[in-house]
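Here it is, the structure in full.
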Amino acid sequence: MNLTLRVWRQAGPDAPGRFETYEAKGISEDSSFLEMLDTVNEELVAEGEEPIEFMHDCREGICGTCGLMINGRAHGPELGTATCQLHMRTYSDGDELVIEPFRAAGFPIIKDLVVGRSAFDRIIEAGGYVTVDTGSAPDANLTPVPKETADLAMDAAACIGCGACVAACPNGAAQLFTSAKISQLNVLPQGQPERYQRTLGMVEVMEEHFGSCTNMGECEAACPKGISIDFIAMMNKDYRKATFAGRKAG
Amino acid sequence: MTVLDSRVPDGPLESKWEDHKFDMKLVNPNNKRRFEIIIVGTGLAGASAAATLGELGYKVKVFTYHDSARRAHSIAAQGGINAAKNYHGDGDSVFRLFYDTVKGGDYRSREANVHRLAEVSNSIIDQCVAQGVPFAREYGGLLDNRSFGGAQVSRTFYARGQTGQQLLLGAYQALSRQVKEGNVELITKSEMLELVVVDGKAAGIVVRDLVTGEITRHSAHATVLATGGYANAFFLSTMAMASNVTAAWRAHRKGAFFANPSFTQIHPTAIPSSDEFQSKLTLMSESLRNDGRIWVPEDPDESRHPADIPEEERDYYLERRYPAFGNLAPRDISSRAAKVVVDEGKGVGPLKNGVYLDFADVMERLGHDAVADKYGNLFEMYERITGEDPYEVPMRIYPAPHYTMGGLWVDYHLQTTIPGLFSIGESNFSDHGANRLGASALMQGLADGYFVLPYTIGDYLAPMLGQPKVETSAPEFDQAEQDVQARIEKYLNTNGTRSVDWFHRELGKLLWDYCGMERTKEGLEKALSEIPALRAEFERDVRVLGSAESLNSSLEKVGRVADFFELAELMCKDALVREESCGGHFRAEHQTDDGEAQRDDENFAHVTAWEWTGDPGDPTEHREQLDFEYVTLTQRSYK
Amino acid sequence: MTTMQTTAPARSSRTPFLVELYRSALGKKYVMAITGLIFMGYVLAHMLGNLKLYQGAEEFNTYADFLRRLLYPIMPESATLNLMRVVLVIALVLHVVAAAQLTAMNRKARPERYRSKRDFVAADFAARTMRWTGVIVLLFVIYHLADFTWGWVNPAPEGASIYERVVASFQVPAISAFYLVANLALGVHLYHGVWSLFQSMGWVSRRFNHWRRMLAVGFTVVVIGGNLSFPIAVLTGIID
């Protein structure tokens, strides 16, 4: 199939950006979206033009590196699918695709379609862990965890940190990402001792970088792992309790 | 040829590691701050090592070329992680895990290392659970296990189909804590391009910032490479796009021996490639083989829908050839068996390049919902990629390069032949012999990082107390930086006609054809003549556009592919001199009457470790003899 | 090494809990939700009370009088009503200020807009237009008070009863139209707001989640349905 692409090109973080139009010719419908971009890049290199920079690595939907805004949707039209797992059979011959980088203050553009997402790491550093030095752990079966709890934690833990939630959110908010990690640890027995400290710390850093939640649910729809906004509500509850507990502790 | 000293401690196998931990020198807790350690890579091995060394109090700098420490390819491991917990009372033990691993590796691994791996496996599970890794649980709240990759016991812990992700996130979170506390400095988007050796010891590294292009020098008392495997030499593999050999190869060129490069694992259950634009192959978890049945039609010209092909016209070749293990036969055996039937023209799919993995039986036995519960996410993933619904149509699978058992040679301390340079996880060669068992890669990465390196590195550092690290103004650093700059400029100025990917793809085809699942003397010799020719063309005709001062993925790739070219030659050379078949290394000249791998324990029960000589076509061979005191060498039989 | 803590870190003990909470965006959302709940109670009661219009002038005026004398004689005449008015005004100020602050924060979180057209999946019209429906409702409330409560812009003659004011106003088609539009805006605002407050308050439970949207729809239909009926009844002569 043949497609027309309008791709955001931007030489560097401070350079002005613009859309460039490219023709993607002879694309197989079994190609992935990123392989389609590979093909376009091969053409560009042959013509002596710098290839389009985009984020990608594992190409199997788990590393969370990839992420594009395709025709106004983070990761494109397929629900529960990262950009790398989007396949061209979704499109028809002659379609026009507008490809933009994820945009948010917390995700500065580095080049073309590549953005920096280190703000996510700052959020994790603010408490997205259990304090347990290597070698100090008790036997793994010492504390039983109900299957439902373990499953709920896993639902939250499935987050790949791609940032589509922020990209899709009309407010540029990172509630889904943050609440997923908070909830994973806060529902498990291992996470209890640091539960409130974690919640306060991570929310504070989140709000330094990102917007606020207006409960639109666009993040959930964009999430390649289908993470539920229920976790946002759980975070809100823990935050209130944590603030209250903080007052008592003082 | 010299014989290498693996520094395996004396004493009975069961207590070697415990005794040795006592014998090794310690660094006083207050002195740990005075030692700086560089770690390259933030996969399971790198992240766990960085976190642990940070907790111990060392001053750690850790580098990754990703934008975050959470993205390394460990994240893609699906199936699980082994441990000898014996929670199910089905006869597992440390010794059994050890034994299975040595046997599964076709007796080409070092007993003492493997036993240590099995010993610490249990601590890994404890550690990960304490970190909040949401392993699968039973209704009683205790940890669930499954049998995996041909093991006769249930010893595999898993977190849905995302075990690698969860373990990596656990390590990444532990690392993040140390970053926050200031014990570890994390440097992202930065690629190691040179190792610096001063007075025969590793002194540090030269790094390029992938965003700004800035080249920087970093020195430390010890350097640890945790840079993963090199299966991307094949171009098409299940590895992430950026996975590469450069860090390890730069170390090799500076004197670190490279061991068993031809020991590559071809995983039996990847999705076959669909067209020539394919950029990578996607693995379907091996756990699918627990319930799926593998078959091809008897008739090479079969054109019916698979469901319409009657039972008697199907060849369930694994069940037929290996009645005891059937569809769960080890990876190397299953892969080669698939190649045999596809080579016979019985392949399925539009390109006739796959075999069926059929779930019809289990669907009938357990019902749709039970199957969906077990494999739902894998089935969805398959459908997303192929557009076919595995509940209705059998999956199509075919082997793909997946893991590399070979890597930098390390001794029992995980130290390479360069003092002060350590290698952990997949980047070393140590524990898997000629074939890795399923769910053992995660185990090894975390064992090295959490529980082995933190002890052995102390033994190296302790005598150096009070010695300053090498200054980055040393002439060796000048030279290394110049070399890096010169390479970058050379490729930017080559101005050829073909893209880096084109050359990589061509190299991959050569390797796959001649150094893939089946190797012959003739084919390897052919590859050894064609690879240098292709490399010469690459050096002359590659086209890299853009500048060195900004993000430039072509520039990143060109250096990696150049190193793959040199490695590819070494792989073929290694495969050529190993005149036997073992594990993932199958030489067609060395097979039993019924087509199984024929080892030659008399002449090849050794590790081949190669030394760089300056000429990629003429490396020097060294050997480490493998002595088996506790395991009886037998012909592996999975019938 | 960090030490394990069993509670959250101590904050400045001089900062009251609510102020501490309000500092964060999450806390501001609590304020939005709680004040929203107050408004929900208010609009429901307001609508139910106004149904008295259908019982004629006498009943309606008696109801107005009842409101003035609520809790009398424990409380002075009009005191309870005025107290309620104060609570509502404080709630309104908090609701609007928090919304404005959050909007400013969100603008800052995406300084560069997307250049291509967004294709929303979950964010419906109501969710995306909260600040506009909010502004419409706010303007309407001011007009509404000037019309019925204070009588400044009411077309009825000086000294008219509240019932006469209502009928006089709604007989002017332009006023009725404004009222209808504003109530539709309120309905859209409620549709998202009622659902949304469960999220903001952290009231989540897999067993009851699906009721949240139904409650939002039901509540909105009842309140707005009632409200819309009044001008229509006047214009069609059911009430005169």
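Things worth noting here:
So that you can tell them apart, the chains are marked A, B and C in the order they are listed, and the count of residues begins at 1 in each.
We take it that a residue touches a chain if its C-beta (ideal position, glycine included) is under 8 Å from a C-beta of that chain, and two chains touch if they have at least 3 such contacts.
It should be emphasised that the depicted structure is a prediction, and the values quoted were computed from it without experimental measurement.
Centrality annotation: A (chain centre taken as mean Cα position, compared with the mean over all protein Cα atoms). When chain centres are defined as mean Cα coordinates, C lies farthest from subunit B. Each chain gets one centre point, the mean of its Cα atoms, and the points for subunit A and subunit C are 35 Å apart. As a whole-number value, the distance joining the C-alpha centres of subunit A and subunit B reads 27 Å.
Between subunit B and subunit C, the centres computed from C-alpha atoms are 61 Å apart. Across the assembly, subunit A contributes residues 131, 133 that each touch 2 or more other chains. In subunit B, 55, 177 are the positions where the chain touches two or more neighbouring chains simultaneously. The set of subunit C residues that touch two or more partner chains comprises 1-2. Within the complex formed with subunit B, the residues of subunit A that make contact are 11-12, 27-28, 30-32, 34-35, 38-39, 41-42, 45-46, 48-51, 53, 55-65, 78, 80-81, 85, 87, 89, 110-111, 114, 116-118, 120-121, 124-126, 128-141, 144-147, 150-151, 153-154, 157-158, 160-161, 184-185, 188, 190-191. Against subunit A, the residues of subunit C that register as touching in their complex are 1-2, 4-13, 15-17, 20-21, 24-30, 102, 105-106, 108-124, 127-128, 130, 192, 195-196, 198-204, 206, 209.
Across the complex, subunit C is touched by residues 6, 8, 19, 69, 71-73, 77, 79, 98, 100, 103-106, 131, 133, 168, 170-173, 193-194, 196-197, 199-200, 203-204, 207, 209-218, 220-222, 229-230, 232-240, 242-250 of subunit A.
Taken in their complex, subunit B has these residues touching subunit A: 48, 51-52, 55, 66-73, 75-76, 85, 87, 123, 125-143, 159-160, 162, 165-166, 169, 172-174, 176-177, 179-180, 186, 188, 211, 238, 240-242, 274-275, 277-280, 282-283, 380-381, 384-387, 450-451, 454, 499, 501-502, 543, 545-546, 550-554.
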